[in-house]
Amino acid sequence: MPVVVRNTPRTDLEVVDGLAEAGVATVHEAQGRTGLLRADIRPIFRPSRVAGNALTCEVAPGDNWTIHVAVEQVQPGDVLVVTPTSPCDDGYVGELLATSLRAHGCRAVVIDAGVRDVADMTQMGFPVWSKAISAKGTVKETPGNVQTPIVCAGAYVRPGDVVVADDDGVVVVPREQAPAVLEAARKREANEAAKRSQLTSGELGLDIYDMRGRLAGKGLRYVDYLDTP
Amino acid sequence: MPVVVRNTPRTDLEVVDGLAEAGVATVHEAQGRTGLLRADIRPIFRPSRVAGNALTCEVAPGDNWTIHVAVEQVQPGDVLVVTPTSPCDDGYVGELLATSLRAHGCRAVVIDAGVRDVADMTQMGFPVWSKAISAKGTVKETPGNVQTPIVCAGAYVRPGDVVVADDDGVVVVPREQAPAVLEAARKREANEAAKRSQLTSGELGLDIYDMRGRLAGKGLRYVDYLDTP
Amino acid sequence: MPVVVRNTPRTDLEVVDGLAEAGVATVHEAQGRTGLLRADIRPIFRPSRVAGNALTCEVAPGDNWTIHVAVEQVQPGDVLVVTPTSPCDDGYVGELLATSLRAHGCRAVVIDAGVRDVADMTQMGFPVWSKAISAKGTVKETPGNVQTPIVCAGAYVRPGDVVVADDDGVVVVPREQAPAVLEAARKREANEAAKRSQLTSGELGLDIYDMRGRLAGKGLRYVDYLDTP
Amino acid sequence: MPVVVRNTPRTDLEVVDGLAEAGVATVHEAQGRTGLLRADIRPIFRPSRVAGNALTCEVAPGDNWTIHVAVEQVQPGDVLVVTPTSPCDDGYVGELLATSLRAHGCRAVVIDAGVRDVADMTQMGFPVWSKAISAKGTVKETPGNVQTPIVCAGAYVRPGDVVVADDDGVVVVPREQAPAVLEAARKREANEAAKRSQLTSGELGLDIYDMRGRLAGKGLRYVDYLDTP
Amino acid sequence: MPVVVRNTPRTDLEVVDGLAEAGVATVHEAQGRTGLLRADIRPIFRPSRVAGNALTCEVAPGDNWTIHVAVEQVQPGDVLVVTPTSPCDDGYVGELLATSLRAHGCRAVVIDAGVRDVADMTQMGFPVWSKAISAKGTVKETPGNVQTPIVCAGAYVRPGDVVVADDDGVVVVPREQAPAVLEAARKREANEAAKRSQLTSGELGLDIYDMRGRLAGKGLRYVDYLDTP
Amino acid sequence: MPVVVRNTPRTDLEVVDGLAEAGVATVHEAQGRTGLLRADIRPIFRPSRVAGNALTCEVAPGDNWTIHVAVEQVQPGDVLVVTPTSPCDDGYVGELLATSLRAHGCRAVVIDAGVRDVADMTQMGFPVWSKAISAKGTVKETPGNVQTPIVCAGAYVRPGDVVVADDDGVVVVPREQAPAVLEAARKREANEAAKRSQLTSGELGLDIYDMRGRLAGKGLRYVDYLDTP
């Protein structure tokens, strides 16, 4: 039976906003290379970068009724995360729903399905990550779940987990780990800044990361072109 | 045997232009959610929006000869709609054909195959919706049909049906129904304007569309997070 | 055993730059419609256009160690061409590797896999053609080959072959044929300029290319719409 | 509004059965290489071969209600042809529906979507061609059309057109052309029998079809391996 | 850091075996149409039917080291469930690993990646559901997790959840719900038996399920072919 | 210009047959995990196992003329390897061509495109590995190359290289390395036999391959389920 769970936990928006600043690739590394959604979930316009508390929503194929239910549960700083119960490319979200979501403080939509009115949503500056763009309309016959744990595009997402999305894709951070991941991400960024200046000046990763010995141990050989068959 | 059909009917351009203004999602809804092409037919640049009379063209795989035949049949306000007889991503249309098509009044190309010279066609502002971008050249050995009914990207298209295309995809409107669909689209737009202002002010779709009772009837329950397992 | 081949031949940069100017579609035609990579290898930003000497690199799935090895082999004017030993969408190249590659004179990356930090690389103006965009990080455990012949996205590429890439895709020109292909490309461009002005003025390809007789010979018929069933 | 069309025309079963005997590849050739469904529509068991009158059915995504409506319209010798209004892999047909269809004389199902209970339907010997196998259940909320013209897997199908299906795929023959296509198919088979015995004895197609001159005219050259670079 | 979790809970094998008997489609319905893996996870031979306790395993792309670690954790009645951290089709499991798994009581493998030696595993009668068949070998460099919750082919799987697999695909039943789902599945089967005999005798689902009124309420109309345009 | 190369080298059939016996997975490992074709090249029936000298053939999309040319070049023990110049699923080879190929000693077909008449070719026992099964016919207008080096399904294949194909897929062995690869494959098989008996008796790969220390060095930890969050 379909259910809406209320009073779910959320992550502090200061932590959320810090993770947005770090970006998807850094956050993904900082939490041990976990939590990425499938790479075919792409932004409808670029550049886009956002983070928010996951507001989860499970919908029937070709049926966006549950999203109307979800709008009432939005709190400022949320990102709506939608998964269909079986693969579907229909246009579940358009400009009217985006308007409604934004009016309640929703920052973005991440959906393993299709969206439409992308020209309008681009003009609104409302960021959306989706599997497809499709004008196909949906019905309102079969309600699904709101704010239950879901699998979206291969990632497990619970209400209040942090969703970080940018031009590289989408990553989910479990809410309990969000502060620690933010700290690790900031350390990583500091470290990268130093590396960036070395690499810009022409130093080699082979030397900076001291790789030559280990490569030789793995059998890497250097030969001259004239000695190859 | 390959055939070119001449003197096919066309839809009045005033109706065609009205449908362009309404856009794909609205037109698709206005005609009962029918007529969409597959969602992998995408514009080569965005934003793009156009409508026109379908000039249909069926080509052999890897062979664009028939498109040269089709150019002669172009009338101002046409959109060339091309389908291969088996799936093919080759670059059937490039900047030279686009130049020729435009010279005769063709407004756009919709093709369930590939195109090339996309940088040039983007600079020309010549809109194209295609399944692929590919530099692969084609031969001129096997003529096909021009202005016969075809299936393009899953939709049935006859000469003079209206093709509407924008950033959401492509929809076909049977020519007999075009005036009625335009009228329905305009009503729909008027209705949406009212809804938009309600939603912008924070009213919920649940209330505007009076969904709560029907949702309860379908078994939707609200529970508190603390009461979930 | 993994190997790095040094002192591989390269193509003269004057020829390389001429091929860049001609662009992918023209070069592909000029060398007899050969050498194209699969059409799903797409630029991360548009417009992009570049040519360079192929610096080849074969990597293990989910492992970008060999790319660090390859950086040391870069010479100004090279384009790094990367292929995984089995299909993989992970983000092999990001902003730090791009910085390092550019510091050594590498002009671009072509990869039959994923890349990340695409917002940064777009801002840097560092052109990349890839199969996917993915934030997924890679390990450094299994070295592969540098500057050996490889198959990348369906095309055979040897060190020093010319890689030409633009918005239409990527083509490879064998280094021995590069000067001849450049010459053929220039002739083709000259010929196209003449055709372009004829087509702009409304002349038909049917007449310019003298196709009507051959089409009739293949059985093409013209019929009137009223005479069709 | 959804509609069921009654008293649609059907093709004579003697013609239908003749087309089944000829098989898909021969029928497809005999009608000028038209009418094939997409190649990803595959039989759930092999070998399978059947032909029948198309009983068309258009269903909503994830909703098989209309198929129950269609069962009542079955006449002996029909093949149920199902298309969803947007792509969907759900299991629309299982063993119970197959039992019901067979009880009314339906010979097979062709569906551009998923089916389930394939082990049971295999044991029943009830042939099915589908895009997917999926256990995913469907709802009964949105009725669609029965016995209207549809596009199924890229082919246009009207009620009473002949559907021929075997291990090579599925082809549709317009009912008006069915007798002529059957005649052409039989001629083709007779011709192939002669060719088969020539080819079995080692004669070359190059000679049987007199291709050598035309190949030379197209520029085909024979060279010795020792003379290649 | 990679981890192996020991002493994880398991579901009683009597319940597990009951679920195997019910089969995937029935179990999926009995638990409210949840828990299905993606439909592209297919058996390497048919018919296959099995159920077992999930022994979960998360592997790096192109690296099957963790599966060797998992073998030690097998208990009789387990089904090994493997997911890569990014999409990979390599052949993670072959005949030697299958031999080893079977020696410890493992009943089957479900893997969102590739397997090899399928002729041998078919001859052994060792059932495998996989996304791909590929001879590509894997390395042993990066250990992953064993017996932690994973997402496999779109489904969330914890150690000791019940995995049911047959020719229709794979479904996961949370271990806490397994007895209740088994009971519901048996009721469903009993109900289906009655329906099957009605349908076999030619009764219509329209009547058995009393659908006619509700269909009319949704606007379904019956028209005569001669009255259509 | 299209070319047929005659008098190409071939590999000794004793070596070829030894490689067939070893099978694809073993040969692939024995030559350093190289030479595999894409995993979507699948046998039309199972089990199938064969090896032969590559007879290469490059065809235009939707055009099988070159295969007729290739038949004349067949020598006993050859395997025809076909690649289209751009992706195409059409049915290039059917029962008549298979009959002709077999009459000249061709053992099998490997094709990165479609085939048809699969029921007939299955009954003939003529093994074929293809990307697709499609009844779509092809034309005879554009000749391509025979016995030139090609890329087929991602692998580089030269005339006389050894093609080994079985239920796991297809691998290519460069003719110069074939004897050495055969020797390595036989050693590998001998080694596997010993491992198989150890694994059958329940010994663990962890111990046989002495993995425990290295796993600990990579950080693998064992924890109790009760100690996890």
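Observations
Labels for the chains are A, B, C, D, E and F, by order of writing; each one numbers its residues from 1.
The definition used in the following text is that a contact is a pair of C-beta atoms (placed from the backbone, for glycine too) under 8 Å apart; a residue touches a chain by one contact, two chains touch by 3 or more.
Treat the numbers as computed from the prediction; the structure is a model and nothing was measured.
At the interface between subunit B and subunit F, two copies of one sequence, more than half of the residue numbers in use appear on both sides, so the contact is built from largely the same positions. In terms of C-beta pairs in contact, D-F outnumbers the other of D-F and C-F. To find the repeat of B-C among B-F, A-C or C-E, check which pair has over half of the same contact pairs by residue number; it is A-C.
Each chain gets a centre from the mean of its Cα atoms; for subunit A and subunit D, those two points are 42 Å apart.
One simple way to say how far apart two chains are is to compare their mean CA positions; for subunit A and subunit B this gives 30 Å.
Chain centres here are Cα means. That of subunit B falls 27 Å from that of subunit D.
Multi-chain contact residues of subunit F, defined as those touching 2 or more other chains: 1, 33, 36, 85-87, 89, 134, 136, 142. Under the stated contact rule, the graph of chain-to-chain touches falls outside the line, ring, star and complete shapes.
Touching chain pairs in this entry, ordered by label, are A-B, A-C, A-D, A-E, B-C, B-D, B-F, C-E, C-F, D-E, D-F, E-F. Within the complex, the subunit A residues that touch subunit C are 24-25, 28-29, 33, 36, 39, 42, 46-47, 49, 166-169, 171, 192, 195-196, 199-202, 204-206, 209, 211, 215, 218-226, 228. On the subunit F side of its complex with subunit D, the touching residues are 1-9, 65, 68-69, 71-72, 89, 91, 94-97, 99-100, 103-104, 114, 116-119, 122, 132-137, 140, 142-143, 147-148, 159.
If you check the complex, the residues on subunit B that touch subunit F are 60-63, 85-90, 134, 136, 139, 141-142. Remark: subunit B residues 1, 32-34, 36, 38, 85-87, 149, 151, 154-156 touch subunit D in the complex.
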